[in-house]
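Down below are the structures I want you to see.
Both complexes below contain subunit A, partnered by subunit B and then by subunit C.
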Partner chain A sequence: MTRRYKYIGRSLRKIDALAKATGRAKYTDDLSLPGMLHGRLLRSPHAYAEIIAIDISRASKLAGVRAIITGDDLPARYGIIPSSQDESALAIGRVRYVGEPVAAVAADDEETAARALELIDVSYRLLTPCLGIEEAAQEPPGPDGRLHKAIAYEFGEKPGSAPALERTDLFFYEGNTHLALEEHAALAVWKDGKLTLRCSSQTPFHLRQIVAKIFAMPEEKVRVIVPSLGGGFGGKLDPFSHDICAAELARRTGRPVKFALAREEVFYCHRGRHPSLMRIRSAWAKDGRILDLDFEACLDGGAYGSFGIVCTYYHGALQPTTYRLPHYGFRAARFSTNKPPCGPKRGHGIPQPRCALEVHIDKAAEQLGINPVDLRLKNLTTPDSITVNMLRIGSNGLRECVEKVAKASDFRRRYGRLPHGRGLGFALGSYLSGAGVPIYWNEGPHSRIRIEATAGGVLTLYSGATDIGQGSDTVVVTVAAEVLGISPQRIRLVAADTELTPLDLGSYSSRVTYMAGNAAKQAAENLKAEVSRLAGPRLSFEAALRIALEKTKTLEAWGSYTPPKKFGTFKGSGVGVSPAYSFSACVASVRCDCETGFVRVEKIHFAHDIGRALNRACVLGQIEGGIHMGLGEALCEEQVFHSSGLHRKPSLLDYKVPGLFEMPELDIHLVESNDPGGPFGAKEVGQGPLIPIIPAVANAIYDAVGVRIDSTPFTPEKVLEALDAKARGGSGRLGPDRFPEVLFPEPIRVRQDA
Partner chain B sequence: MLRLPKICIVSPLSLAEAARLLAEAGPEGAAFAGGTDLVPKLKRRQLRPRTLVDLSRVKGFSGVKRRGDRVVIGAGTRIEDLLESPVLASLTALREAAACVATPQIRSSATVGGNLALDTRCSFYDQSGSWREASGFCLKTDQEAPCRAAVGSERCFAVASGDLQPALIALGANVRIVGLAGEREAALESIYQDTGARFLRLAPGELIAAVELDLSPRLSTYRKLRRRGSFDFAALGVAVSLQMKGGVVSACRIVLGALASSPIIADEAAALMAGGKPTLERVSAAASAAVRRARPVANADFPAAYRRRMAGVFVARALRELTGLA
Partner chain C sequence: MSAASGRALRFTLNGKRRSLRVSPHRTLLEVLREDLKLTGTKHGCELGECGACTVLLDGKPVYSCLTVASRAEGRSVTTIEGVSEKHPLVESFADAGAVQCGYCTPGMILSAKAHLEKKGHRCDGRGDCAKEALSGNLCRCTGYYRILEAVGLAARKMKRRSRDSKI
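Here is the complex of A and B:
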């Protein structure tokens, strides 16, 4: 690591660490205002039903109830994506999943609000719910059909040479949820025609825009503030019923209204990982070069659009960032079902296809007789290259990542040679450092930062980015401190307040370090230049600042970041575009108990191309967290439902997230490829590290006991079932054996020379 | 966030007074010791008692005391304290069972009596009120309603999943029970019955005061099936105790937990071990006999068939470990 930096690269304590560790940090649910009312949502008990009537008369008479609203009171349709405006704050006409909000109450206390919900009479006419991909794909197409979005692409040219190997595989990736520690909450104040909404949102600026539209008021009349936020992982990106109902109830009552969801309700908010059924076909040359890849997916979207369209595109976007593909076909369809809406969870739409692909390649490697690591190495992308789907890759430390984990795990020597029950699995992955194209298309900057110097040399940095626990506040402050050559503690921070801070698109797509980091760097550089222009160049920054402030009293400097223009021009070419890609490689070492089917992940070797680690401890923390979440998806987490559409396990006890005992020994390597566009060379680490974990575990199980569990999670009961089947002379593969007939559109053909 | 309802708490100083208060409160009352199972149930409004009889101030309710070759464990003893007690060091099954109850935080509050009287669990019962309304209420709390886990069943199949139950039964524990009529002693297994809605055979007001067991040397072990290494309730618990004399199994007890509404004493399996030299054939026969007694329904984590099969695997492993077979 370079030593020329004072703060960059060190393991500095997060700026909010003490406040959070000592309980001083205030989360939305910690806040209370004079005269505040408590809101609760009545949720649908049915997965699919028509609302015949809602009678609130009994509930309205309950002492302490201040207001009750239903769907007709908030008729505006909205959605986070401009092309999916299909949600309403409270169900109108129909309910589409168990847990969908139907009415909202504001009362003097929570107990009264809860009692009022019991007194609201809703009559429903039940409809037959659709709960899975197979069912949804069978329903006739049309405006009332279940097909939400279908896309098809064909990239590149088929090579002329005949393949030595062709194979087709199916894989099912089960849905799962974010499980952020903090349950969602919102506190609305409506005063003098102005709404102030404090809430647990990863995207305060998008929320401001959407709420303003819903209430038909100018954006400057809406202020969104994000207090301390206890984890997002994509689960707090969408505008939610409780946000909008808090606002409407505050408007009606003239009093502050707070909603604080229970854990069960968070499972109904969901927006988590899409269940996805995938089919991959590939063709290989004898020497291990990929000649052709064809990928199809059916996504189970749940009841509403959310980020689903983006997720559908992401299913095909990043396979080519790790492997050179001469020809690549991609088709995907998203279906609407009667379950809580799926959306973006850490990795967005990328972990499912990556898992299917890395397992598929492992199978091909066995058939080709080439070590899985070496097979990948023959096909890796290179720095400064253009992928078959027109993504521009700059820095690329993937090869180094692969070699690092292969060496650390002694993979080439040990793979396939461990005693029965023990195995190694290899996989790699890649992710964006921020989406290159915004959700709401415009040519403006994606992040802006303002630094202000006032009397006494007080430095305040204004950042619109939301720290969701990932440490983005620490990043912007550290970057500015490095540029100015002063301690990060010298800089005060004002963040995530749409009235006080400049615009930032939000904490998603792993964009904040790269984009807000660059904006902070530029703002600090501008401030430094201005100070030295006023005070002369040879002084220290602190000395110069004093002189400059004597002259001007206040100073301010701005920085912004706008990503480079995308390279592709075809429809849909905006998805997957990023100014820089992170790369990861992973070797999982597992032990399987053949009598119980239990899989114990004993060790994870992990290498991540971070560009440059701005804060080493934070980077390692993100990788460890990603590994933990990946292991949950691999081994035990599933968002599953009864045939009635009722969630099977909406609690922290029953939804099985791994605990400390499930965490393996970790061996983490950072690869610093020094991205030319990143702040001090940095790239993302928030999402990428989760991605290769799941296929690495799948591949390790195969190496250990010779069974292929081609559906997540890889539970003991599935492993045992596969072992039984193998013992009876079967293949030992457990997974889907059918892919539905889907009428995909004619593919959009894209050739590199075009 | 879920909040507690308003509730009246009374804190008696003796068990006799506690029994009287509980009997007075009837179905509207509940005993409150560690609270680790009760408080979440109150928050979810699964139970709606109006009075909690707090046992924290009852004298002599907790502690582990040796009396000659016997030991008395107060029902109010914290589960974590079982792990610290040198008196219990030889009772491996009890220590192992105690060590895998929930989490260290919960064990530091949860009590022995609470674990023995732990409300039976079911994936259709341990849910919020609105969830159960959506699912339809069930036999566990509503005699008119059907069983949701075993459709068509006449009785409730909610599972007795306290880890200490099978361990203490395997070790031959007795319980002292205090009630309106005074004190009585009973074999621990006799307080359970295999119906989930009323799994405890205790009269109104009756409370478990203490557990008593002898310290005679024997081998024992407890194994727990759960998805994670901590926190989870048992999907199966297997406790085995046995005594060896001259290479022969002189006595054996095998108890299966978390498969039915009461712990299952697998006599036939134990009988196959007792009186002979331990061999792999005997172990395997005993394991099969244990599986025959296991008839779980799909109302806990893991498929029922998997839990049943694991009963055999766990019994065999426990027996092999205790008898020194590889």
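Here is the complex of A and C:
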């Protein structure tokens, strides 16, 4: 039976669309306050060096300079996750990447601040930077070593039957960055012992907690407000130097201080995709069943921890959500290098291992003589199952996703049979609808929503979630409107203000629709129940609300969401846990030019198990945007460095992203598996769709021209090199051929019956 | 910032005559955002790479971050603040789901406006002409299809409106 909804599932206008389309919406850098000073950061020109001395005397004398601070002025260590408290707002003792902030200036205007930076004298003693996984893995272990984190797991039991096929593959996934169009900004006001920080953050509540800790003040003395946010993709999750320096400079000067970063600086903030070198071993039965999977990864973390430990765990967490694995080994190590810190970019630590796995399975399919689609179908997970690594899967529309794209692309008939230069590639993926375990462990709700009704029937919804462009404001309002049976336009929204709105963990891990959406649904249900208790059940909500408000003047209702408890009990079992998983399947159709090596993606067939589309246009927009970003990672985007540690491409012109003309034709299918725990059945769509794009393109290139590019991005240079090598009698594979010796710890063994 | 010591700049901004003093090195973007507080024009790079700062100079799209303010002398500048909320492009961007984070949107709409005013009768948003017109504006959220759909929608609306006004 399908229920008819009034607003759910329609392509309603986003509630902020007109404000943004008319330029009325205010982003952080659009704000200015009387007496406001402008801040700038002096950044390290060296990848790795000791700071011998910093002399600010010349800069301090410049007219218009109001305050200058250095590392010693902000000694507190912090980091976004409790187990990586390794950052400071300004470098202390050493700089660890080109672009690391060393000093901060507040001045009357930006030009003066910039001139002051030139007058700060820093003397450095250069150290030898470490810029890659191979180098980092060779350095001796110990407190000064490069190994940040190493983990090892063994899940399930090895089947007794002898495999018909065993193979090992290596894959390298290059780092890349978010490139949200709005550059980071922060505006701090410090007045009467209270700090108000307006900034481009995806996590205002985490930021409040961290800033309060840095300044040793109670959280209620810190108010974080997120104005309109011009894209995040994970790049605005961490607390940043400019946030903290704005606060400290405002404290010192007693005036508002604003930092608005330049595009180049955003590349140094980074927190983007970890470069990752991976090794996969698998064993298969003759009929195509996977008997065993072993996965190893070395992650290049950059200079600081950020979310890196979580990313390391994520590297192994979700392979089992798509494939039934009797036995699964997983080992991963993250290394510190002298580059901007890597962190959570759309997909977090999932796209790299998924890409390596899907390419590996494509190779196995060829050896087994089974069509890549059919090989996957033999191994898919099912609804309401437990994975080998103890994740609980509820709704699961993966099979339908696979069948939809296979049929739409006529994959079984066309794969391997297209003329030379044209090819089809298949891959699938999966993602979380919010992390089931919070960064800061506690039993409390992950999202709370309050709805208030006041005189005249004014309805205000208070949401702590941050709309980063994904539409979370629209989601919470639409969900509440559907429950109440009133137009979304009837509901005013107050969002992302730590003083006014209830706690929400933030916009990451694709958690907002599921968690804040559920909280909004519950808040609206509670309001509706209270209104009908006061006014009698048979009236319309509006009529009942009038009567209820005559009796009480104001009404409020709360809703919250706490995910189910995790299933596994072993150390590390909190990563990968989610109340629901999204699933996607993709067929990429490419054309490769053998003269130039240029890969043109002509068409993408895509199916996504969304649970239920709350707003169809928003869902399609997320999928299309995810495909776009995935194509960038597949074809051109890379965050790469000179041997000195200098970023090679810190500008939009050099850091290539796909433009309008690079977008292929899209054929998108929504699979609505109606998740029993999701708000109206909804699951995530913000991150999942990016994930299968990259391996689908890799596999399509192989189908087109018979070369394997086992290293992203799949640039013309690499394709040509592989084609040349093949023409000379080589294998036509281009990619890593060594995996470093890593001393992984003894694996934690987990069995289903344990 | 010493605008008082700068040169006089007279131009038409969103249909109104404006006169102010600006330092000779100031860009049009800086003058619009900082001196005139018209923050609907965004900055994404200040190097002419992203198109977020697009405004119309005598009806033609320019990157205001690469345009020295004095180039506007005696000319007409249109920013997003000069585009009505009822403009078919604004409505279509909202209706088609073309606005995600919204940071590229003002520049996108102005590029699209210049294009439709020139070639509106021939554009359906699907052909290369719309893509060419918008190719100087980067969007990181949408994958562009909602934007092209919005341009097509607006083109149809504008055609209808001009036909109706002729009757």
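Convention: the second predicted complex is superposed on the first by the 751 of 754 C-alpha atoms of A that agree within 3 Å, B and C clash if a C-alpha of one lies under 4 Å from a C-alpha of the other, contacts with A are read in each partner's own complex, and residues count from 1 in each chain.
Everything below uses one rule, namely that a contact is a pair of C-beta atoms (placed from the backbone, for glycine too) under 8 Å apart; a residue touches a chain by one contact, two chains touch by 3 or more.
All values derive from a computational prediction rather than experimental measurement.
Engineer: Using the touch definition from the top, say if A:A262 reaches subunit B (first), subunit C (second), both or neither.
Structural biologist: Once the two structures are laid over each other on A, A:A262 reaches both partners.
Engineer: If we overlay the two complexes on their shared chain A, which of subunit B and subunit C does A:S487 touch? Say first, second, both or neither.
Structural biologist: neither
Engineer: Contact-wise, after the overlay, does A:L653 reach subunit B, subunit C, both or neither (first, second, both, neither)?
Structural biologist: In the superposed model, A:L653 contacts both subunit B and subunit C.
Engineer: Let me test your reading of the model: by the given contact rule, A:S731 touches which partner, first (subunit B), second (subunit C), both or neither?
Structural biologist: It touches nothing on subunit B or subunit C.
Engineer: Please tell me which partner, subunit B or subunit C, touches more residues of subunit A.
Structural biologist: More residues of subunit A are touched by C.
Engineer: Please work out whether A:E624 is in contact with subunit B alone, subunit C alone, both, or neither, and reply first, second, both or neither.
Structural biologist: Once the two structures are laid over each other on A, A:E624 reaches subunit C alone.
Engineer: Is A:T596 touching the first partner subunit B, the second partner subunit C, both, or neither of them?
Structural biologist: Only subunit B is touched by A:T596; subunit C is not.
Engineer: If we overlay the two complexes on their shared chain A, which of subunit B and subunit C does A:E111 touch? Say first, second, both or neither.
Structural biologist: Both partners, subunit B and subunit C.
Engineer: Can A:G23 be said to touch subunit B (first), subunit C (second), both, or neither?
Structural biologist: second
Engineer: For A:T454 in the superposed arrangement: first (subunit B), second (subunit C), both or neither?
Structural biologist: Touch status of A:T454: no partner.
Engineer: Looking at subunit A, which of its residues have contacts with both subunit B and subunit C?
Structural biologist: Shared contact residues on subunit A (touching subunit B in one complex, subunit C in the other): 29, 111, 183, 262-263, 651, 653, 659-661.
Engineer: Please output the residues of subunit C touching subunit A within their complex, sorted ascending.
Structural biologist: For this pair, the touching residues of subunit C are 1, 33, 37-47, 49-50, 52, 79-81, 83, 85, 89-90, 93-106, 109, 131, 134-135, 138-146, 148.
Engineer: Would you pull the subunit A residues touching subunit C in the complex into a rising list?
Structural biologist: 11, 13-14, 16-27, 29-30, 32, 108-109, 111, 178-183, 228-233, 262-263, 468-471, 615, 617-618, 620-621, 624-629, 651-653, 657, 659-661, 663, 666
Engineer: Touching residues of subunit B toward subunit A in the complex: what are they?
Structural biologist: Per the stated touch rule, the residues are 1-3, 5-6, 123, 126-128, 130-131, 133-135, 225, 227-233, 301-303, 306, 309-310, 313, 317.
Engineer: Which bits of subunit A are touching subunit B when the two form their complex?
Structural biologist: By the definition above, subunit A touches subunit B via 29, 43, 45-46, 98, 110-111, 183, 260-264, 595-596, 636, 642, 644, 646-651, 653-654, 656, 658-662, 715-717, 720.
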